[in-house]
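Working notes, beginning with the structure itself.
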Amino acid sequence: MLSAQVGVLDQVDGSCKLQCGETSVICSVTGPVEPKARQELPSQLALEIVVRPCRGVPSTREKMLEDQIRGVVTPILARYMYPRQLAQICCQVLESGEPEEQYSGKELSACINAVFLALVDAGIGLLASVSCVCLAITGDNEQIQINPSQANLIKSTSTHVLALQLGAGAKKVENVLLLESYGAFDEESMLQVLHSGEMACMETALELRKVIEHKIREDFIWR
Amino acid sequence: MKEAIEIQPMTFHPEVLARIAPDLSMQRHLSLGLRPSLRALEEFRNVEISDGQLSCGSQNSVNRTGNNILGSNVLKSGKTMVITSITGGVVEENMSVHNPDEEESPELEQAVGAGGVEDHGCVYPVVEVERGRVGAPTDEEMNLSQRIYNSVLHTGLISKKALEVSVGVRSTNSDGQSSVLYPDADPSNALAQNFKPRRKWSYVLYAKIQVFSRDGPLFELCWNSLLYALANTQLPRAFVDERTTDLKIPVSMRGRSAAIRETFDILCDPNEFQPLMLSKDRLAFASNFAVVDIDPEAQLPKDDDDMQVDSPKSVLLADIQGEAEEASVFSTLSAVTDAKGNLKHFKAVGGGSKITMEMIKRSIALAKLRASDLNKKL
Amino acid sequence: MSVFIAPGDDFHLESRDNVILGPGAYCDPRSQAFTPVNAGFEVITESKKGICAHVEYNSKRYVPAVGDLVVGLITGSFSDSYRVSLASFSTPVTLSYMAFPNASKKNRPTLKVGDLVYARVCKADKELEAEIECVDSTTGKDDGFGHLEHGTLVQASLAFCRELTFNAEYPLLSLLAKHAQFEVAIGINGRIWIKSEEIRHTLAFSRSLLECQDHPVSEHKHIISKHFKNVLNASS
């Protein structure tokens, strides 16, 4: 389902190309670098996040994606290690895999995973690992689809994006970084989503770990 | 070396402390069992609403002429004021070019009837947070607008059907007096019944949401205000002139056979209005919450008699207000629900304190109570 | 050596006493918990002073730390100091005119914008601009620091540069030396300056260095001779 390569771009400090089902994104991270005066924060790392859509010019939809990514990334960054510095994170959506006017969940979950890998590649300090999945509830019997296909997404009655902060070898859930749900659902089905989302996030985290481990072995190949 | 060092305590006004040390202000208030806004932990602010008599469809509108506001709401919560005005337009729908006469195929109808997002209409909200200066919209405004748009779209509050225009016909009789007939007004009238335009129009709704005296997170206030405004929105009836109904103009398409196209001039009736039909079962109200960890070191020393009280590690605050509260909370919850617990939108951001399952359940329970309360004001 | 560790994991430490944290390890100021902040190999070494824990990881962006030997590029000069870039787009560091051997008010160094210097980081507080020096401050001698004339600059990954500097037994440099004479200055900041008598040798050195960082040691010999063969054939 998920495949990713890190270090795909030469000119930036960290990069990642991630494909998750029909959605694929490429993400770059530059930092810590010298910020512009208006971006500088006196005690911590400033973040500049840019999301580019797969076609057309960025709109408020991409602004919201940027805001959501910022909400997820900010708490896991070791921000106080880099005062007065800036990290630039740029995500380019290559394939959306969903009707863009109505949905953004699949792009968001792919972007968050890609940003995490790119940050690791860049060597910017992180306090914890993160992983993200997109979920949809379809049909009358409320089936939960994990990383739904485009067809299932359109059929769904509600869509959810769940990002979890994971620790201890991606085996312990430390916090809910983002849960964003749209559509018609009730409390019980949301708790169901949280439950199966947690499982899926752990699995995703293990996949991401494999990617990172592979990257580290490649990095030290000259040993 | 053993000389006593005198420490002079510094005092600040609450507002100053809230700005320079929001965290401390929050923790000290919490240790008194209060919040910086001086409300109880799970207490919401009162909300005052009125329609502001702005819309041209409202019975006692202040300015009827030259007014294009179709629905309005003024919402006051604390010192924040949100003014929502709904305006609109009419657009022609894209229809199949090949066989405009044919009715929609049954399969298509079924797919549309399934209640997917394809079937949901929307409003296009623009949020403006007034700060006494002009300029490009801020990120907050853009995010709010987009989030409201997404929520309305996925909630299905407005079905596409509710936005369809049932077109009337204006006919002029021999005396030179004109009258407008609508298809649903008088079933016996043959003209309006017979006239079946080959095209479809639908209303497009825009919502301008202005916020004055911002004092905390805004999504919930804007959403509730928009909901009240939509509930009293009156759509003007639209008609075409009789003379133009059978007007046909030859247009050559790509130099090939001349296709025949009609052009209609669609006009809006200044006097006749129809209420916008909202899907009543999908009305849901928004409330926000925050999770704050209690820092044992920042607590005020307690009296001996309440020492044994086991204080919780983190608390849930409802309806965030003010600088001290907004700047010191990093974990927020926001729920859009109706009184029965049918959720429409839920957002949790855990930027600091751990969001537990209990917190989520508690916030939904409170949001339900809040929704039943707000629903009464509709 | 090869215990893989990722951000948010736990260090495999038995106790918290006498632990010295190195790069890639972070002590949370509130909870005082040790966490790795980078993904890499966990390295725990015991010495008399205590137990050192750090994460060996690779990256491209250099963050100054005291004592690092770096290759810097002069990007500006002021009345009493130079501005030096250690990595592109990073915050520049300062190199004071007094941080040269035999420096005095009258005796100003003669570096120009665009010159390369080999220097040591002497101050690196994260809140302040870092400072570097071209003199061994204990002896006052130049100690090999200073202007790097001619030669060429190769950008390599930070972990590779660390290995070249600190692992004296790493065979790459001696393999290179078998082919031609050269001078080298390895900066921990990912920049390697290399100079030899002939330009074609310099070219072969820089190509070999770049390629060797992506291949295991066993292939290095072959890679180097390939590049030298290429430049020598091209000239004849």
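Order of writing sets the chain letters: A, B and C. Residues in each chain are counted from 1.
In this section, a residue touches a chain if its C-beta (ideal position, glycine included) is under 8 Å from a C-beta of that chain, and two chains touch if they have at least 3 such contacts.
Here is each chain with its UniProt name: A = LADA_0C04170g1_1; B = Ribosomal RNA-processing protein 43; C = Ribosomal RNA-processing protein 40.
Everything numeric in this text was worked out from a predicted model, so none of it was measured.
J.: Going by C-alpha centres, which chain would you call the most central?
T.: A
J.: Measuring centre to centre with C-alpha atoms, which chain is farthest from chain C?
T.: Looking at centroid distances, B is the chain farthest away.
J.: Using mean C-alpha positions as chain centres, tell me how far chain A is from chain C in Å, no decimals.
T.: It comes to 32 Å between the two C-alpha centres.
J.: Quick check: how many Å separate the C-alpha centres of chain B and chain C?
T.: Taking the average C-alpha coordinate of chain B and of chain C, the gap between them is 56 Å.
J.: Can you give the whole-Å distance between the Cα centres of chain A and chain B?
T.: 28
J.: Pull out every residue in chain A that's touching 2 or more other chains.
T.: 165, 174
J.: Enumerate the residues of chain C that touch no fewer than two other chains.
T.: Within chain C, no residue contacts more than one other chain.
J.: Applying the document's contact rule, which stretches of chain A touch chain B when the two form their complex?
T.: Its residues touching chain B are 60-61, 63-64, 66-67, 71, 74-75, 102-104, 154-159, 165, 174-187, 190-191, 194.
J.: Within the complex, which stretch of chain C touches chain A?
T.: 4, 6-10, 24, 26, 28-29, 35, 37-41, 56-61, 63, 89-92, 126-127, 157-160, 163, 172, 212-217, 220
J.: Note which residues of chain B are touching chain A in the complex, please.
T.: Where chain B meets chain A, its residues are 114-118, 139, 142-143, 145-147, 149-151, 153-156, 282, 330-331, 341-352, 354-355, 357, 360-361, 364.
J.: Inside the complex, what are the residues of chain A that reach chain C?
T.: Going through chain A, the ones touching chain C are 13-14, 30-34, 76, 78, 80-85, 120-123, 125-129, 165-170, 174, 209, 212-213, 215-216, 219-223.
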